[in-house]
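Structures given as structure tokens follow.
Okay, so chain A shows up in both of these, paired with chain B first and chain C after.
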Partner chain A sequence: MKSFEYTRPTSVQEAVQLLSAQNARALGGGTDLLGIMKDALLPTDRVVDLKGIQGLDHIKDDAGTLAIGALARLGDIASSSLVSQKAPALAQAAGLVASPQIRNMGTLGGNLAQKVRCWYFRDADRTDCYKRNGSYCYAVLGASDLHAVFGGAACFAVHPSDTATALSALDASVVVAGPKGQRTVPIASFFVGPDTDYLRETVLAPDEIITEVRVPPGALGAPSVFLKAAPRRSIDFARTSVGAQVVGTNVIQTARIALGAVAPTPHRATKAEAFLEGKSLAADTIAQAAELAADGAKPLASNAYKVPLIKGLVRQALTALAAR
Partner chain B sequence: MEQLALVQGDDAEAWAADAVLTIVGRPQRRVEGAAKVTGRARYTHDIRLPGTLHARILRSPHPRARVRHVDASRALALAGVRGVLHRFNTPKTAFRGEETIFREEVRFVGDEVAAVAADTEAIAEAALSLIVVDYEVLPHVVDLEEAIDAASPRIDEKGNVLDADRYERGDVRKEFAAADVVVEGTYRTSTQLHNSLETHGAVAVWDGDQLTVYESTQHVFGVREGLRNALHLPLANIRVLCDHMGGGFGSKGGIGKYTIVAALFAREIGAPVRCVLDRHEENVAAGNRSATLQRVRAAGKDGRITAIAHESWSNVGQARWVADPTGPTKGLYDVPNVLAHAHRVLTNTGSLAAFRAPGYVEGTFALESAIDELADGMGVDPLALRRRHAGSQVDPVSKMRYSLKRLVDCYDIGAEEIGWSRRARGGLRGSAPGLRRGLGMASQLWSGGGTPPAYATVHLNPDGTAVVRIGTQDIGTGTRTVIAQVCAEELGIDVRGVRVEIGDTDAPYAPISAGSLTVASITPAVRLAAKDAREQLLDVASGVLEVGRAELRVEGGAVVSRGARTPIAKVFEDLENYTVIGKGSRMPNPDDIVLKTFGAHFAEVEVDPATGMVVVERVVAVHDVGRIVDPLTARSQVEGGVIQALGFALSEERVVDKPTGRVLTSGLETYKVPTVRDVPRIVVRFVDVPDTVANNVGAKGLGEPPIIPAAAAVANAVANGLGVRIRHLPLTPRRVLDALAAAS
Partner chain C sequence: MSDPQSTKRFSRRAFLKVAGVTSAGTAAAVSCTTAVGPTPPPATPKAVRVGPPAGAGKTVLMQLTVNGTLFEAAVDTRWTLAEMLRDQLRLTGTKVGCDRGECGSCTVLVDGKPTLSCMTLAQEMAGRKIATVEGLATHGRLNDLQQAFWDRGAAQCGFCTSGMLMSATALLTANAKPTEDDVRHALSGNLCRCTGYKKIVEAVLVASGQTPAA
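After this line comes the complex of A and B, so read on.
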């Protein structure tokens, strides 16, 4: 590994200042960053270790809002009775990430800000990949099993985060700190696709960090669920995931269905959501919503299986919600 | 082929089926277990000799290219770099039929181009990027089916597709014409990567003209032979050591290019040199199980299988041999008409290496899928159909009798355990709405009879403890433990009083730990050495105790005669350092008898047609391998084999990028070895009848049998549950969903 400067700030202000240097990168649990550095995928001259900052690992009820610090560990979120009760989809998603060891290191902030797992991006020799500041996407003519069926443009890597999918269904927002202070970004605008900027996956500027994730009172306590399909039952990234929440008893007022690992950002199945509003979760309604969830999918050469997978998972997620 | 067998001494009578044994056949904890769990066990990767230099290998970024020029001047100028080897400065060193370790035409991404030795691994790694290579890039092909296609680049002057083996008995053509039912299927298996926990590697050190090599290997004597050929040294000048070893699964049968690199640098620089592969290199350049394309036709008439034709194509990379998938088709069932034809296909990918039951895993999947398809076509239960062809005691290929065959017993035990009578055509309802459940089974055929030569010595110490010395190696299978058991049993001492010295070419020769031949090759020699020691002890005891030799026996560490027990230490008390040295050698296998192992696996699966997920709930693995020496070790062999087979069946697949020839799955994130959560309940059962014809222990090999039928059993269970047959492994969600979409 190339040598680098290691810094350990004790405050958010200090952290964002340290991040303003060229090729500085924030370190949470390190489960993604260390791999990137070992493989020299992205130039890294300075590591800003956020773990020295006190008070960023909370999981609490903040006047009705579920507030989770960016440094809260995925394992703690998965086993939190508060999260399981108020936002079950998030607890389920956190519990399905990787392995116990990684959940004990990995943080919520890091899980949202991780880089893509595209097997071309992760191959150190592909220096001309878009995400390495190149101008080529190998997935278009190569093996696209992992790649996007929605929203690809130039780059077809998918966002790999399970918690991002769950939080999208829970209407969460992300609190971001930077040199000019703090801002709160709705989760729907937190992630950016390649049409905006293929070099990054979120709105975070290089000198910004996530400090907290907030799930609003309106989304809390309503039935929600997260399901994930992957070749292995653990230590695997989703090939497709779904986070779903319905608000309203008997008749659905609001439905949110977020799909993971099918697009460069968490993908909201808006047609299915609109279709469900005002209806109840009867079997035929669920079946129609599941069909609509895959509407607009444009598979590449080897990922057409994601279309039935989306439909199958959405059907199972809504069926699970109907049973609540 | 006539085998020359030089017989040394007399064999012992085989332990009878009803012999009362106190150590052999009883569960024994691994004798090296404490050393392993406390971290004291030393592996090749742990060897750090004073002043060790580290070598790293520069590998081709192109799937096919000519190396025109190598400029290493900038690498050599880097502080800490001690040498660079490449094709223009390296002496000719024979390696697997080629004259040199650095090819003029590199033939896959990862092919060796140059090597650097440096003070640290990091410096060596940094130096690699400073070597400038001028490549003339040539057209390439990496995919098996594209390589077969005549329109693809021809990468070898003999062509890409080479005939490997052809076999015929009876008249297949006639029987297909006369059949009631004929089924035909094209089956595909994917390239499986070994992923031994310990990667390939060697440490070499010279003392004058004496070379010592520490190597992670399945055959220390094979490495010695490879070094002799490469470096033209007398055998007496080479010593190869392998104390503990982190798995090989067939891929560590001899030297690697890294061994030669380490030995050449160590000689040139005069320091120990360590060259070990990282995980990426391991998965690109250290071997694999070939991807296959197989066509099977099977015919049935009057409730019996009348003919099978099996043609196969295997992606071997550049290898000069093929792991023939048609072995089970020729030998597993008593079918009168068989045609088998294997092809070797060259591509610009890393070459195959033997991989736990090479060919048989791939071939059993195709054959046993086709047998199930035929049974469906004939409207008979697939197990009932197999029973009609499994009882013969004569090998259909050689027409000679088997020493012992209990395949039908395996069926009985397995069918009872899995509840085969529940199996229904079209499958069963799953545990939740929408889920489908299926049952499937498949049979196993493999050799495992062992082979001479193998030699052992047993030193009986004056205190009644013993040291066994034999040049085998324990590749993680428990070889040390079974040696200690057989020695203690025959000698009449406690197993804890036996120290096992292995992994050293200065010990008596033993064969490669591969082909399921270790136990059946070495334990008969160990037993004879222990017997020799015991008899010498009794000679001495007879004189010391003044009791007739015929009245004495050794039991529990003491010489026993008519109720009197004299501890061995007491017998030797006044003899100072008198030492008993027993010698034993492996006797030839019986003439005109075929030694084989048999088995059957039964699988119960649940499939989710909505997500394509296959969950294996239970595998019942039944094997007929003669006497079980250690039930614990045997059971873990079977569990490991089943798990590795489930990876092959469900998730493991090397993906190569066709345009660039690069392996996309060289790491353990993308190359999906099963995790502990993917492992089902595995029920292990043995027929456990000693094969007293085979050898004096009555044991046969169990390394490979448990990986052979599991994938086929799972595929048959999935087809049973889903009602749709998927003829392409692994059965990933993608393949299941694609097959369901195509079927609807």
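After this line comes the complex of A and C, so read on.
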């Protein structure tokens, strides 16, 4: 690794101030950042280790809202009985991230703010990749197995986060702190596609950090589920994932279906969601919703397999919810 | 070395066994040659001082406990915990495979939790308690888990073994009678490139006093 300045602030204010320097990067569990630094994918002159900040690793019921600190470990979220009861999709997603070791290290904030896992971006030699401030996407003419079937533009890397997919189905909000104070961003507008800015994946400015994730009362307690398809059951990123929640007994009032690893941001299957409202989860309704979930998909040369994967996972997810 | 096993027959297994003992011995040697600090105040454990590694860049002085020994080490600020353990404390039982957090061979316990030492900055470890494979045996005698690996032939090339042992150690501490599924789940972050998972899982079950299904 190239040399860098290591800082360990003890408050959020101090952290965001330290992050305002050029090429400063926030460190949570390190399972993403250290790889980026070892391969020198992004210039890093200062590391701001957030783990010295007390009180950012809570998992609690905050007057009916599920509040999880950005430094809460994925393993602790997966094994939390509160999360399992109130927001099962999130507990399932956290428990399916990577490996036990990475779940012991990785934080919720880091899982949301991680960089993409495109094999061209992660290849140290591909310095002209859009994500590395270049002007080329190798996936367009190259191997696009991992890449987007929705929403690609210039860059076709997908967002790799499992928890982002679950939290999108749970209508969560992300609390962000910066030099000017705090703001709360609905998860649907937290992630940024390449049509907005291909150099980043979220609305976070370089000197902003996630402090908390909040799941609202309306999404808590209603059945939810997260499913993930990957070549290996462990240590692997999703090739496609789905987070789904239906609110309403017998007749569906609200349905949220979020797809992961198929677009540069978590992708809401809005046509399928609208189709489900006012209906019940009968087998033929589920089958039609699963078809609609893949509506608008535009595969690249080698990722058409994601289309039937989306349909199959959505069918499985809704079938699981129907059995609750 | 002092292990009577090694004088009998120098098989590959015996070599591996002795190699484990040797690295523990090296750590002890480090403590002898580098303990030159002033006498600390009473009630504070005496830290073993470790100077900067050869060719180090900027270093930071920090204390951490490794296998029960308190070290005060001048750590290269760019180094990972794996680099510090192997190249500075000479605890080379911890292996570095992918160096990207994907294979689990560098697994150590940080405050009891399986952690990837290749994806952890050494300087983050100030004040933490690290357990590595060298800490499992006592006086050259394998512990029950290591003995079960030995008896079951749960090592082929051996590169994943120390990581497997550390993940299994954390499992058995939390769950004295794990099911086979529990074992497979606990070891799911450790890759065996020889694909010898069956015997590894059996060995963990044997170590917990259970008889693996045939």
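We adopt the following convention: the second predicted complex is superposed on the first by the 324 of 324 C-alpha atoms of A that agree within 3 Å, B and C clash if a C-alpha of one lies under 4 Å from a C-alpha of the other, contacts with A are read in each partner's own complex, and residues count from 1 in each chain.
FYI, a contact is a pair of C-beta atoms (placed from the backbone, for glycine too) under 8 Å apart; a residue touches a chain by one contact, two chains touch by 3 or more.
None of these values were measured; they are calculated from a predicted model.
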Q) Where does A:D125 make contact in the superposed view: on chain B (first), on chain C (second), on both, or on neither? A) first
Q: Figure out whether A:P308 sits in contact with chain B (first) or chain C (second), or with both, or with neither.
A: first
Q: Name the contact category of A:L318: first (chain B only), second (chain C only), both, or neither.
A: neither
Q.
With both complexes superposed on chain A, which partner does A:A78 reach: first (chain B), second (chain C), both or neither?
A. neither
Q: In the overlay, answer first, second, both or neither for which of chain B and chain C A:Q101 touches.
A: second
Q) Where does A:L19 make contact in the superposed view: on chain B (first), on chain C (second), on both, or on neither? A) neither
Q) Counting only touches as set out at the top, which of chain B and chain C does A:G142 meet: first, second, both, neither? A) first
Q) First (chain B), second (chain C), both or neither: which does A:R233 touch? A) both
Q. Residues on chain A in contact with chain B in one complex and with chain C in the other?
A. 99, 233-235
Q: In the complex, go through chain C and note every residue touching chain A.
A: 57-58, 60, 77-78, 80, 99-102, 104, 107, 113-116, 118-121, 123-124, 167, 185-186, 188-191
Q) Once bound in the complex, which stretches of chain A touch chain B? A) 99, 117, 119-120, 122-123, 125, 138, 141-143, 145, 229-237, 239, 302-305, 308-309, 311-313, 315-316
Q | Residues of chain B defined as touching chain A within the complex | A | 61, 608-613, 650-651, 655, 657-660, 662, 664-665, 667, 669-670, 672, 674-678, 732-734, 737-738, 740-741
(Q) Touching residues of chain A toward chain C in the complex: what are they? (A) 1-4, 6, 27, 29-31, 34-35, 38, 47, 49, 51, 98-102, 104-105, 233-235
